[in-house]
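In the two complexes below, chain A is the common chain; its partner is chain B in one and chain C in the other.
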Partner chain A sequence: MKSLLKYREIWLLAGILVLIGLISTRFPGFADPANLRQVFNDTAILMILALGQMVVILTRSIDLSMASNLCFTGMVVAMLNAAHPAIPIPVLIVIALAVGLVLGAINGLLVWRLNIPSIVVTLGTLTIYRGATFVLSGGAWVNADRMSADFINFQRVAFLGIPVLSWIALLVIALFFLAMTRTAIGRSIYAIGVNPTASVYAGIDVGRTKFVVFCISGMVSGLAGYLWISRYVIASVEVANGYELNIIAACVIGGISIAGGIGSVGGAVLGSLFLGIISNALPVINISPFWQMAISGGAIILAVVLNARGERRQGRIILRKAEAA
Partner chain B sequence: MDTTAQRKAETNGLTPSGPAPSANPRLTLSGISKSFPGVRALHNVSLSLYPGQVTALIGENGAGKSTLVKIMTGIYQPDAGEISIDGQATALPSAHAAFGHGITAIHQETVLFDDLSVAENIFLGHAPRTRFGTIDWRTMRKNAREVLETMRAGHIDADARLKDLGIANKHLVAVARAMSIDARIVIMDEPTAALSMKEIEELFLLIEFLKSEGKAVLFISHKFDEIYRIADRYTVFRDGEMVGEGLLKDAGQNEIVRMMVGRNVDHIFPHREPSIGSAVLSVSGLSHPTEFDDIGFELRKGEILGFYGLVGAGRSEVMQAISGITRTAKGTISLDGKTIAPKSAADSIDAGIVYVPEERGKQGVVIGLPIFQNVSLPSLKRTSKSGVLKLAEEFSLARSYTERLDLRASSLSQDVGTLSGGNQQKVVIAKWLATTPKVIILDEPTKGIDIGSKAAVHGFMAELVSQGLSVIMVSSELPEILGMSDRVVVMREGRIAATYDNKGLDAETLVRTAAGIAA
Partner chain C sequence: MSDTPAPRHIPDRLDKPLTSAIFSWEALLVAVAVVIFVVNSFASPYFLDPWSLSDLTFNFTEKGLIALAMALLIISGEIDLSVAAIVALASTMMGMAVQAGAGTPVLVAIGIVVGLGCGAFNGLLVTRLGLPSIVVTIGTMSLFRGIAFIILGDQAYKGYPESFAFFGQGYVWWAFSFELTLFLVAALIYWFVLHRTSFGRRVFAIGNNPVACQFSGVRVDRIKFILFCLTGLMSGVASVLITSRLGSTRPSIAQGYELEAITMVVLGGVSILGGAGSILGVVLAAFIMGLVTFGLGLLNVPGIVMSIFIGLLLIIVIALPIVWRRLREGRFA
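== the complex of A and B ==
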């Protein structure tokens, strides 16, 4: 199982390397370390979001409201910054995390307490959170000239030659890696995804664990909200509209099983990188947007086919053992 | 209702339980054997069903009744034996083939389509067609009404959605479906389990009707009063073998109970010198709105307390309530003199009560996770500090318990899915022992496993109690109950029927208590 997972991630890594190689033939500087750092930085927000989505998907749930949460939280911090430019950026980041957490907790409570399927809950909040952004802003935009210089530049400052945005992504990756491999909650998330019934008997609170994952995906969306707004320097109701599908696509390409229980931090990161390269690099070498979409779509289906095969192989092992028993 | 009364009056005109003496069986099974890996389900059994007669199939849980029904309906293929219908040797290679021979089964929970109409349910798969090939709805409704009418079930609206009917009426629809395909052999597998008294009466009228139509009926039930009421013949199964058959009017209840339980001792239970202490777990007045009522018992230190009863008597439900998996309405549970109110499985695990569920695959192992993670799953609180896992501790916990159980695995990081069934079971037991419980509840611990593994599980239980643990063993297997328990609680229909000291206790007493037959 573990080796199988690694196997899949290595395939994905190989795919990314091939993609980089192909792009380099048309655009010689692409594989330069400086450019690759740029690609990583461009993909950082998607990675952060995909990690949040991953923990949700692992528990056999889905969070469709992440992009709307991002939009709402982004608007909150942008308006705060416009009104009170003196609030330090770290405080704004904490506020973004908190607002995102509240919106995620609403999803989680509905899933936990009312036992509504997460796809229904978050389909509802997807619309509600975006609607709330409109109510909050009155439909107005917050654009660059109303944002403070700190607000815009914080993530662009280079530290050891790498922008803060990339550092934040690296930190988030490290935290998720530790959480998934070294904490009780991480273990519970995998267990309830693989076998919810056995988890109940083992004393794991499945409902509460689902609540926690929605809180995590909410917090991550909130963080991404600030990062997105300060990166694209505009806050509006349209921000990240439809982006939830990119997040889910990154997870699926990264080998995270929609059926729950299977997936890793490495997979989510590589899946995001793959999508990031396609959407950021292909325009540079004059590949039409149609082909970008076709390649992303093809990658999703290929990933699902490969994953389904992996799971089927596992199924046969169980069957053989059951017969032998 | 007017029609119901009429129906009753008419049926009472028939002579109940008066089998028309008919020479030749409609269906004969002879020398049927069927094995599954590690389990011999049926060995050389025979069964005959006669037209216009009801044959009761009687046996303990696990006697092979369900397997036989599946062979008769083409779902399983026998390893050996012959099936003949009207004297002609036949094969039933599929459910479709059995259907084609007019064999139909009505199960406890009717298998029909809730969102379709009564008429559609009756004619699904053989609906009348118009000349354009589309479904002829008018004819279908008309035919449906006719079939229901002949069954004296005209009160059922052919256009009603099935889900709006009660279970008894659903049974009627299932029978109407059988009539519409001209079924000649009707199998009823515990049809009364979910019915009220009044509905049971109506079902019996229906069975009388089927008899009068010359159908051969196989009636499976645990309830003796029902069997004597409706059946003409009996066939008794025990441990996959046919041990008796004949006319019910020639056999008394006690005679049949003896056939069900009398057996050769083929399994040696571990010899124990129980040293039983004071009460560890006491339960009193435990009640649930629908599953059980006023449950009270005591479990003492070092004791194995057997829970016997028919399937559906509420034993597992009581255990799930004690272990916090379901919530009870009222009642008290106390452990070592302290009252506990487990709200979740985690609460009872913390308190020292663990429940090892019946279905190992679905409720036990987490396939996809490595062995050590399976073992530590219920003990995560102990192997972590403020949520952060102490991997070394987790590993040594897993190692010590799997070694104690002699688990054969190349590495503890191996996926449990790659282990054999027996070894997976050891992982499950290790995981519960690792929580260091005071009370361990085993639900059907040896169901569906081979003799060798059974002996290992029994030996292990004996070892647990000798170390001062207390065990509750829910089991439907009489030899296991009699061979392992210090005391036996018998449950019937959600209540405790009796508690016995296992000294000179005999199987017949247990079966009679569980089935509610006066001695």
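== the complex of A and C ==
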């Protein structure tokens, strides 16, 4: 199984390299290291979000509220910054993480304590959190001129030639990689996705682990909230509207199985990069950006078809039914 | 090795004593609807007017039509997130036909056929290739709306013929709009199909245990395929209505309808895990969502704040019976 997983990511990596090659034939500068760094930086927020969504999907759940959480948390930090420009950025980031965590914990509690399917819970909180953003801001925007220079520039500062935003993404990727492969909670997350019943017998608290994954996806959304607002320098109710599906798309393209238990940090990162490369490449090779949606839709379907071949293992369906009985 | 279980009598239909009717999901929804109705009529003097109430129905008829088919699909254990994108694509195709000089009957046919085709495409991917519907339809959602964006970009189609406006703006009789009448007729048909035919029983059976159904000779894949086609068809019909009502097509038309239609279905008591639900519940949920949106609208509450109420309503209505049951059993938390 491990070799199978590796095989899948290598496939995706090869696909991305072919894609870069194809784009380079029409726009030679695309494969330039400086440009690729730029693409990575543009994709950083999506990667961070996709990793949060990944841990949720691995436990057979889904978090549709991430983009709304991002919007709400982004508004909170933007308004804080506008009202009290003296608050240092690291403190704002901690606040963003905390606000995101609280919103994620609400999802998690409803899933854990009341056993409501996660798709229903997060469908509800998707509209609630975005609505709450409106109530909080009174429908007003926070523009660039109301944000402090630090707030906007923090992520743009280059450190060793790479902007802080990319460093944050790399740090998050490293943390997720360590957590998923080297810690008990990471292994429990996989175990729950593969077989919840067996996980209970193995002493894993399935409900509490689900609570934890929603806390993680919430925190990650909060972090992304600050990064998004300071990158696009506008906070409004419309921020990241509908983005939850892009996040899921990145996960699906990255080979993370919606049925749970299958997927890796590398997959989520590569899936995000794939989408990031497409959105970066279309303008430079003179294809209307209106093509982007259809292309990513096609890529999702193709990815699902390809992934389904690897997933169709014998025995899996029997286990799933036994659990339902 | 094990005792042979005694042969169990399985009734065709479970007895329904009065108490279970009182504590049923539908009764809860009726209660919620009555409360909202009464609160609304006290809150606004304009509410209790037949024409106001008729206007109210425009809030949910289009999504409600989609929700009817979506209910069957969710009961069978599948889901379709691409419905709003189908509406957009069908509307775009109708817009193209208008530019080519098509008349009203052709437009309606195009809307419905495009919807049906999209639904069949989803159905083929899910049943032929055995893919999970939630991911397939996230993909086709981007694909269908993406095609609409490729065709239209930031433009809009206008110039629909005057006779075409009837579907979204016309009235059949008194305050009964064409949309409302169509919704009620469709609800009756779907109620009959789901609750009174063997096809409907099979839909429930598939949702409860597709493997057992397969072994019992139910053509699981074919029924699922039909359900996807129906959902596409209803999206096509909804597309005709909304295009006719707005009189123009933009690629962003009906954005977010998929989540509202699913909210209706779940609020209507259909289990998101499949196997349970009723059309009556979905119709009630559609009315409740319409009442909430319209009532708050009369009070000048902005749309985005209304969505908080819809979201809260969804979670509270789902959570209430669970909390109540646990309180009664004395094992909460």
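Following the convention adopted for this analysis, the second predicted complex is superposed on the first by the 310 of 325 C-alpha atoms of A that agree within 3 Å, B and C clash if a C-alpha of one lies under 4 Å from a C-alpha of the other, contacts with A are read in each partner's own complex, and residues count from 1 in each chain.
Assume a residue touches a chain if its C-beta (ideal position, glycine included) is under 8 Å from a C-beta of that chain, and two chains touch if they have at least 3 such contacts.
For clarity, every value in this text was computed on a predicted model and none was experimentally measured.
Chemist: Regarding the shared-chain residue A:Gly124, is it in contact with chain B (first), chain C (second), both, or neither?
Modeler: second
Chemist: Where does A:Ile204 make contact in the superposed view: on chain B (first), on chain C (second), on both, or on neither?
Modeler: A:Ile204 sits against chain B, while chain C stays out of touch.
Chemist: Which of the two, chain B or chain C, is in touch with more residues of chain A?
Modeler: Answer, by number of touched residues of chain A: C.
Chemist: Applying the touch criterion given at the start, work out whether A:Val252 contacts chain B, chain C, both or neither, answering first, second, both or neither.
Modeler: In the superposition, A:Val252 touches chain C alone.
Chemist: With both complexes overlaid on chain A, does A:Trp291 touch chain B (first), chain C (second), both or neither?
Modeler: Only chain C; A:Trp291 stays clear of chain B.
Chemist: Between chain B and chain C, whom does A:Pro85 touch in the aligned arrangement: first, second, both, or neither?
Modeler: A:Pro85: touches no partner chain.
Chemist: Given the touch rule stated above, what does A:Ser188 touch, chain B (first), chain C (second), both, or neither?
Modeler: In the superposition, A:Ser188 touches chain B alone.
Chemist: Which chain A residues are contacted by chain C in one complex and by chain B in the other?
Modeler: 317, 321, 324
Chemist: Please give the residue numbers of chain B that touch chain A in the complex, ascending.
Modeler: Per the stated touch rule, the residues are 37-38, 325, 344-350, 355, 357, 362-370, 373, 376-378, 380-381, 384, 387-389, 391, 413, 415, 417-422, 431.
Chemist: Please give the residue numbers of chain C that touch chain A in the complex, ascending.
Modeler: Residues in contact with chain A: 81, 125, 129-132, 134-136, 138-147, 149-150, 152-154, 209, 211, 251, 255-256, 259, 262-263, 266, 272-273, 302, 304-308, 310-312, 314-315, 318-319, 322-323, 333.
Chemist: Using the touch definition up top, name the residues of chain A that touch chain C in the complex.
Modeler: Of all residues in chain A, those touching chain C are 62, 64, 110, 113-117, 119-121, 123-128, 130-132, 134-135, 139, 237, 242, 245, 248-249, 252, 258-259, 288, 290-301, 304-305, 308, 312, 317, 321, 324.
Chemist: For a test of understanding, state which residues of chain A touch chain B in their complex under the given definition.
Modeler: 1-2, 182-185, 187-188, 190-191, 194-195, 197-205, 261-262, 314, 317-318, 321-325
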